[in-house]
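In what follows, subunit A forms one complex with subunit B and a second complex with subunit C.
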Partner chain A sequence: MPSIDDVTNTPDELSDDDAAELFEEADLVQDMMGEVCPYPQVEAKKGLQRLEPGDLLVQETDHVPCTENVPRAVGDDAEAKVWRSGDATYRIYLQKQ
Partner chain B sequence: MVLSTLLVAALVGTALGAFLQKGRFCFVNAFRDFFAYKDSRVTKGVLAATLLTMVFWGIAYQFGYYQTFWTPQWGFTGLVGGFIFGIGMTYAGGCASGTLYRAGEGYLQFWLTLLCMGIGYAAFTVAFPTLDSTYFAALTVGEGVSLFTVTSIPAGLLGVGVALVALLGYATLIGRASTTAAFAERADAAQLNLAAFRAPIVGLRQFARGTAAYARGLARAWRNPIAASKQPWDPRTAALGITAAAVLWFTQHSIVGVTGPESRWTGYLLSQVGVETNSFEYWGSVLFQGQGVDVTVDMVMIAFVIVGAFLAALWSGDFAVRVPKRRRLPNAVVGGLLMGTGSRLAPGCNIGNIYSGIAELSVHSFIAAVGIVAGVYVMTHWIYREVGCAI
Partner chain C sequence: MIDELSPETVRNRLDSDDQLDLIDVREDAAYDDGHLPGAEHVTIDELEETVVDRDWADEVIVYCYIGKTSIQAARLIDEYGDAESVASMDGGYEAWESAASESSLQPQ
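== the complex of A and B ==
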């Protein structure tokens, strides 16, 4: 069955406050500024392998496609949320399942 | 060049750049992510754009609204050059069109990729006389042709026919995936046969539902056009826009190419700093066809792709001057060189051969597309060697 994800394609977006609050709880932060596909995808998968279920991995990136590709790449391994700063930087929050 | 031609080139280029940026329409993404973790969003967009463009180009050709096709001689050069290009674009992280739109988004990394592609074009040009008598002479099989021009079937009908066959094949694939999943627990031979028979129907229903859901999403987006225009767009929306621009371009100029015009830019820019580019056989007689080294209309169009991507990125809050990590520089340098030389050895890039080439049913491009996809496959497996690929 096609789900609504087939149309929207984007993970849930976080508000500025929620993003700042959740960032404090991160167990692992990956600096992906200046990186391009597919390295953030590969690093996200490797990062999640090191974490325990429930842990939070945050990637900071300035690469637009990553906000969709990274959540897709980790699939069911993590629940993904995205924060868009509005000036071309993004954070991807991945909670390991 | 007359003003109306320039305006069309500017319009088509700006539209292509904007739709590429908004849909993140990247051929590396389309194939790499499909191989790595079966993500087919962009793959669907690429397929939709190619098939739709094929249908409309076929119709335009049938009624005489066209200028020229691009049909290089076919042979094993497509496999070799395509493979090198596929390796290069996967390593660089952006195809010929992806590099252009990211240059417009402000990525210094992809400006470096463009520069290295230029070095690749120039190196090929210097080696061309030798390559022509060895590599091309040995690997070329026959004259290039577009199937639109050689069959007795009307071109419009042929385009629709091929698109329908492709759709049926796609429906069978997705239908089989879901029916075999449903029957996996009951390994009954008769049931499985029935499943195989029903696969295309199940797939077509899924396709219809998916398309309807997409149309509803599009209608919802229209209610809030300004907010929606700043969000990322579905690659299928980009596919529709790219098709419209490509059809306009086809009726006014030719098919859409990227690396050909870029090679001409390289020759033109070098001629501006005093290099006698016209005396090189490849620039003088092949690329500029003895007309002299000057700015041509397709070069204008390609430059406006960067402008279109810049405007779209600025509007969406995605523009920034992005400084690459130092460890990513080899990707830009090596990837750019491989794309530059690979696209000349094929000849053609992902746009010329996968998008335009298949849409114009060019025999050469069928072969080159196989080479490019094979290159992406091999390179994806190398990049994902530590975490593994799905396919």
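== the complex of A and C ==
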């Protein structure tokens, strides 16, 4: 069956191991499960403002479009990577620049 | 690449007699609170299930809250549907309401 995932342009993807390791080091984790645009974008920007360059913000989401729209919303403020769990949940990793 | 139409352009398209599908992909409560005239409510999940088999109008316009998720939804229709042109409304329902308050456009 077609999936919105097929047409969503996400940033580079993390392996399971890298995702798990980085998740442990996250400076801020935001649970965005059940949330849809634009709320996660707003929260990501606010979260990044509270962090220092090099710090890591991780958003957990089940809304596939966010995996493209959140990284796009924060733009150059963060380097973005995405992890797909394989069971319709995702993590967006944003390292503040 | 998905075209992004301004609310004014969408308004003009709705005022024309051309047959088009206007798709609102927001959540139920948002749609119930207010939507564009003639908009059909189709969530992303429903879109994934129906996009292939549905007989789409030649022209489809999709909108969401701020015009981001609607781009992905429009890509999905463009990729799997039989429409000739699929566009997203720039700025989403939020921009439509702003335009409505600036002029006499009233949502239903």
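General observations
Keep in mind that, in the parts below, the second predicted complex is superposed on the first by the 88 of 97 C-alpha atoms of A that agree within 3 Å, B and C clash if a C-alpha of one lies under 4 Å from a C-alpha of the other, contacts with A are read in each partner's own complex, and residues count from 1 in each chain.
Just so it is clear, a residue touches a chain if its C-beta (ideal position, glycine included) is under 8 Å from a C-beta of that chain, and two chains touch if they have at least 3 such contacts.
These figures come from a predicted structure and were not determined experimentally.
Residue contacts after overlaying the shared chain place A:P38 against subunit B and subunit C alike. For subunit A, the partner touching the most residues, choosing from subunit B and subunit C, is B. After overlaying the two complexes on the shared chain, residue contacts for A:V64 are found with subunit B and with subunit C alike. In the superposed pair of complexes, A:A20 makes contact with neither subunit B nor subunit C. Within subunit A, the residues touched by subunit B in the first complex and by subunit C in the second are 1-2, 4, 6-8, 36-38, 41, 63-65, 68-69, 72-73.
Interface of subunit C with subunit A (complex): residues 26-27, 44, 47-49, 51-52, 64-66, 68-69, 72-73, 75-76, 79-80. Against subunit B, the residues of subunit A that register as touching in their complex are 1-2, 4, 6-10, 33-39, 41-42, 45-46, 49, 62-65, 67-69, 72-73, 75, 84, 86-89. Interface of subunit A with subunit C (complex): residues 1-4, 6-8, 36-38, 41, 63-65, 68-69, 72-73.
On the side of subunit B, the complex with subunit A involves touching residues 24, 26, 28-29, 32-33, 36-37, 39, 41, 93-94, 102, 105-107, 109, 206, 209-210, 213-214, 216-217, 231-232, 234, 313, 317-320, 322-325, 328, 331, 380, 383-384, 386-387.
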